[in-house]
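Once you've had a glance at the structure underneath, I'll fire off some questions.
As written, the chains take the letters A, B, C, D, E and F, and residue 1 is the first residue of each chain.
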Amino acid sequence: MKLLIVNPNTTAGMTDKIGDAARSVAAPGTDILAVNPDSGPVSIEGHYDEAYCVPGLLEEMARGKAAGVDAAIVACFDDPGLGACRELMDVPVLGICEAAMYAAAMTAGSFSVVTTLKRATPIIGALALRYGMERHCRSIRAAEVPVLALEEPGSDAADKVKAEVRRALEEDGAEAVLLGCAGMADLARRFTEEVGAPVIDGVAAAVKLAEGLVGLGLKTSKAGSFAAPRAKPYAGRYAAMAPGAPAAARAAE
Amino acid sequence: MKLLIVNPNTTAGMTDKIGDAARSVAAPGTDILAVNPDSGPVSIEGHYDEAYCVPGLLEEMARGKAAGVDAAIVACFDDPGLGACRELMDVPVLGICEAAMYAAAMTAGSFSVVTTLKRATPIIGALALRYGMERHCRSIRAAEVPVLALEEPGSDAADKVKAEVRRALEEDGAEAVLLGCAGMADLARRFTEEVGAPVIDGVAAAVKLAEGLVGLGLKTSKAGSFAAPRAKPYAGRYAAMAPGAPAAARAAE
Amino acid sequence: MKLLIVNPNTTAGMTDKIGDAARSVAAPGTDILAVNPDSGPVSIEGHYDEAYCVPGLLEEMARGKAAGVDAAIVACFDDPGLGACRELMDVPVLGICEAAMYAAAMTAGSFSVVTTLKRATPIIGALALRYGMERHCRSIRAAEVPVLALEEPGSDAADKVKAEVRRALEEDGAEAVLLGCAGMADLARRFTEEVGAPVIDGVAAAVKLAEGLVGLGLKTSKAGSFAAPRAKPYAGRYAAMAPGAPAAARAAE
Amino acid sequence: MKLLIVNPNTTAGMTDKIGDAARSVAAPGTDILAVNPDSGPVSIEGHYDEAYCVPGLLEEMARGKAAGVDAAIVACFDDPGLGACRELMDVPVLGICEAAMYAAAMTAGSFSVVTTLKRATPIIGALALRYGMERHCRSIRAAEVPVLALEEPGSDAADKVKAEVRRALEEDGAEAVLLGCAGMADLARRFTEEVGAPVIDGVAAAVKLAEGLVGLGLKTSKAGSFAAPRAKPYAGRYAAMAPGAPAAARAAE
Amino acid sequence: MKLLIVNPNTTAGMTDKIGDAARSVAAPGTDILAVNPDSGPVSIEGHYDEAYCVPGLLEEMARGKAAGVDAAIVACFDDPGLGACRELMDVPVLGICEAAMYAAAMTAGSFSVVTTLKRATPIIGALALRYGMERHCRSIRAAEVPVLALEEPGSDAADKVKAEVRRALEEDGAEAVLLGCAGMADLARRFTEEVGAPVIDGVAAAVKLAEGLVGLGLKTSKAGSFAAPRAKPYAGRYAAMAPGAPAAARAAE
Amino acid sequence: MKLLIVNPNTTAGMTDKIGDAARSVAAPGTDILAVNPDSGPVSIEGHYDEAYCVPGLLEEMARGKAAGVDAAIVACFDDPGLGACRELMDVPVLGICEAAMYAAAMTAGSFSVVTTLKRATPIIGALALRYGMERHCRSIRAAEVPVLALEEPGSDAADKVKAEVRRALEEDGAEAVLLGCAGMADLARRFTEEVGAPVIDGVAAAVKLAEGLVGLGLKTSKAGSFAAPRAKPYAGRYAAMAPGAPAAARAAE
């Protein structure tokens, strides 16, 4: 199966790390396509960044659709544009926050999230509510490291994250901890050993759950929330992305 | 005060109707600026359309910020991009769904929403949950009229909407009804008289509540969820909209 | 428009302060009538005090109705008797807790309340639940100052309130703070500057939202929860206040 | 033990019926004092009526306190003034809605309520929320009979109530039905037999649960929500009821 | 009336203590039958222990049914097997957690639970959710004493429990505290005096509420959740317990 | 990997069907062990049946643990004994209701469940609440076919199930439908095609999600809810199953 993973920011190094994390857990027959848009924010830290990452994310999704991918993943822990991707795609599309939360729900009585900046915590809290996980989620902690600090060699970002992971387990009573940023995808396995409790990376979780949904033969339901976009013109610079537009049709074939 | 109202779709006739509805309730000193982006979907009917309306919406917001508006309104009942607008702006920004729901909560024991298409109902349901209104909201009904049918002279769209308004009151026990599309802004007052219960248009509600918040001296809190976007580069076609970018700075001054 | 504000306790000095706070934000055409009952508790600190303030509150409402007010406000943060007032009145009636909560919800991602005594905190918590704001509300803190201490010149009550406002922002993650007593109406603007985040007074919030609802042409819905009281006799000392009673009718005309 | 039951309306015939229902289930050693205030509404149908029943209710409670009752019951299904009664009293005070809901929760997987008028349904819904019973409560149905119709010989009120009881069981999936008015206290046992499922009267439920709480040695907790009213003056006609007032003290001794 | 109390673990000393606690509050006419199964865990500390206590518990219930008991109690604070008992029995069956929570809800604005081991806290949290008490419940604290330590003379277990009771009142704002283990049944009355707030033992609470439900004439509703088990064979060692099996029938007569 | 699937009833034909359904979706390297206990109910229809299936289920789990399985599934839609299995096992254990609900949550905006008998609907509703899916779940419908009717050749059980599936989609607005009984495992794929929306079988869903969790390297968290059972004696017939008992140790090795 072909599994598209879109890092919705434009930092190629982070896309590589995400691709590596995905490949390290992918089943033998799973072909990982890890990509990022050309246009948009270099990191996603808040609603405004999210807004400007989504068009590029959708264009990568359309390309993946044209290439016949079997499932797709949005590899940012804010799960930006997830509903729009599901409307566009017929195959399953997973957010890494969503995947991590449900993976935790199936293996632990409760969980906490450790993310980058405090400003992300209400966004993740709103996702927990939407996914039905507000009671499972004990706390959302910020390590106060910017996303791109996780990419800098020699930074103490990983240590700060681990310190919050420990606090979540010890002070908040979490039984598992989710790493709340795609840029932490390389840390989960090591932390799991070091802290003695499940530490879950959303990228890996999404890869395995996506493989599972594809294996089940499940598609995204078109019976309501995620019905295909209605055909209509888009004005100006987005004309080519209009549902039913020749260019969109071309891209998606 | 200067009040910016952005219709996030590109249909100018709808922007005019929204502007008229706003002016019909605005206080004497309120100057209504009703605009729409040049680029994006001609109507917003689902998550995918939302995704492509938000960049244009934010550009209109940035323009309004540069022009020194005192408050802003997102005039689509899905409240697309509301968090991003709040990060960008220091002044209050209201969604018309949010405004209509809180106006109803202050004058009725419960409400229903009548919107255009069935596909909008889960989106509005998710907003009700986010705004704390899931218990106030008795039902979300779709009249099954596309957004732009409301703009066509001679269409029976208004009648279909009114039929659902009556059903919400009679069958669902709603005590007020919200019109769930900015394109219905001209119908509220007439329907209120015809059905004998409050029928609320979100555009008008947002205008009056925005005037109120400005009169209170309230700004959007920058203490968490809506802190200003962090300065960073945006790659490609969105470079000029990057937080801290010279062009963005220029637009916003 | 004529806006009735009833301080439901009998302390005239507090009524004056409330009236001043209201006038300081009222629109040019808004005529503020700030009154209090002759009979009842000198301050409202708990359910028992609430019970004995409501009949006097309703009599002031009836007088206001007879005088043709356009909207009314219950100026105690416990929002006592709000449902009864809404049954009696056709015009909008707002509680100051309710108004402050919705004003905060439109400008901040979350809020806390700082009130007078610990015993008020479960009452305000129950209101947050009823208004759908239990997830928006991060904490309800008590400064442990009795209501009337706020009226004493030279008291340190305001300092104690401000200390709790800071704690709500720093320790509880609130993005805005509501002052949970009508007697704090004079502190909001100053605190907003001093703490660098929105501090909201319910009296001012209710004035501006009431102006907005009146401007919208909204009335209290009579379609359910707040239908007019059914005509019936009241025995004994409340006979004159019975719905449909000649005296009540006279008072309300 | 002495058990005070206050019918908070002034209709003595209904007080008699309530007293009879209470006595029919009371334990041998339980002495039932069924009373009603002299002043207030003849029936309670909405928030306004509630407001005017509470002072009289509290005066009866104070008298009961002075007489050394061991527990008290508010015998109106809206549970008016319950918090105020709990502040005033040291002994347990139960509402009949609350008692009926918890009795149902212990014997059935879900329940519905059948009450008098549609206007009572949101009031009871708010109680279900406050008592934690919103998920247990399948529906709240109104038989559309005024409270006092239940007192009229030859009325078809009981038949209408029974028809709604059956609908709750058959259409709403309720496993038990609560009779949502103290005036229905005589119908529960007969309906239980006729419909083949538990039909619960709140008066009887409150009597038995109150006996149980007294037998447990439980008092109303004074550690927060229901701390005794703070001593303070009450102006005007309520002076004698002020907490700490000589008259109140006298009444309560 | 005959009241069956099943301690679902096999520690007879604990059954004796439970029986004593029950008899100390039982009404004169209540005959307490306190029993425990022969087979199963010596204490119940987690889901696995629960699983192995339930068959024995049900056999004691069947014996009680055959003996014509009027009500039954499951005397373990995890309320194991409560639904199964209710299916089996026609009379009311109460869990001690459930009874303690509703007794607290009727006498205090909020409560906390103090239990034995941390591993019990999510189990009790799930019960609070199921019983509608998640908002009433301020915290669930573990004294970190194993169940059987409560049975050892000279252990400091009671002191540890009391320390947590105090913390619940002082730090968590609880207005009452539930003792979260049947083995603490002897401590409630003493702690109530020592801490000055209601401390509630579930065994005593269940006895008094069960007496109340019996006095009301209530049975377990058979209209849904707790319909009698469908007749069918059980294979192997449970054949005799199959619904409708001759042995089961014999035991239950 | 070795994947244990325990059908907790004793009907071997159903175990075969479950095994077939599992193998039809299992990945190439997944070895399915489908088993059922020797002792217990022939079908599980209510709490009482659940209680008597769990010991046998746990014994099969212990055997699987001794055999070194990599994950385990409880193949009854009531998810009986799931917490106990998780305490016993270190590897992931999934319930088929849980797996189906999370699979639906990742591919549809909402879902309904179609189960066998009405008595199962509150049990499944309680699971939805526990799993955070109460808002995702639109309805739980019963086809009113007993579990074993699904095993009878020529029965119309499948048609009745399909009729309810259609009603869930058309009347309740579900976007996907879960088949609420392991005995329906063979129907999902066919129904998906016939009704044009995802119809999900929990057995298949659990197999694929379990493979995913194993691939992720996740174990059941031992940090709280599912810590290993504490070593202790079990009296009587369960002695061999006591945590730490030689026999249990032997079985589990």
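By definition in this document, contacts are C-beta pairs under 8 Å (C-beta built on N, C-alpha and C of every residue); 3 or more make two chains touch, one makes a residue touch a chain.
None of these values were measured; they are calculated from a predicted model.
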(message) Contact counts by the stated rule: is the higher one at A-F or A-E?
(response) A-F
(message) On a C-alpha centroid basis, what's the spacing between chain C and chain F, in Å?
(response) 53
(message) Quick check: how many Å separate the C-alpha centres of chain B and chain C?
(response) 28
(request) Pull out every residue in chain C that's touching 2 or more other chains. (result) 109-110, 121-122, 129, 135, 173, 224-226
(message) Going by the touch rule set out above, what shape does the chain contact graph take here: line, ring, star, complete or other?
(response) other
(request) For this structure, give each pair of chains that are touching. (result) A-B, A-C, A-E, A-F, B-C, B-D, B-F, C-D, C-E, D-E, D-F, E-F
(message) Touching residues of chain F toward chain A in the complex: what are they?
(response) 25, 27, 92, 94, 98-99, 102-103, 105-110, 131-136, 169, 173-176, 189, 192, 196-198, 200, 204-205, 208-209, 211-213, 215-226
(message) Please output the residues of chain D touching chain F within their complex, sorted ascending.
(response) 109-110, 135, 173
(request) Show which residues of chain D lie in contact with chain B when the two form their complex. (result) 121-122, 129
(request) Using the touch definition up top, name the residues of chain D that touch chain C in the complex. (result) 10, 37-43, 45-52, 54-56, 58, 81, 83-84, 86-88, 118-119, 121-123, 126, 129-130, 146, 224-227, 229-230, 232-238, 241-243
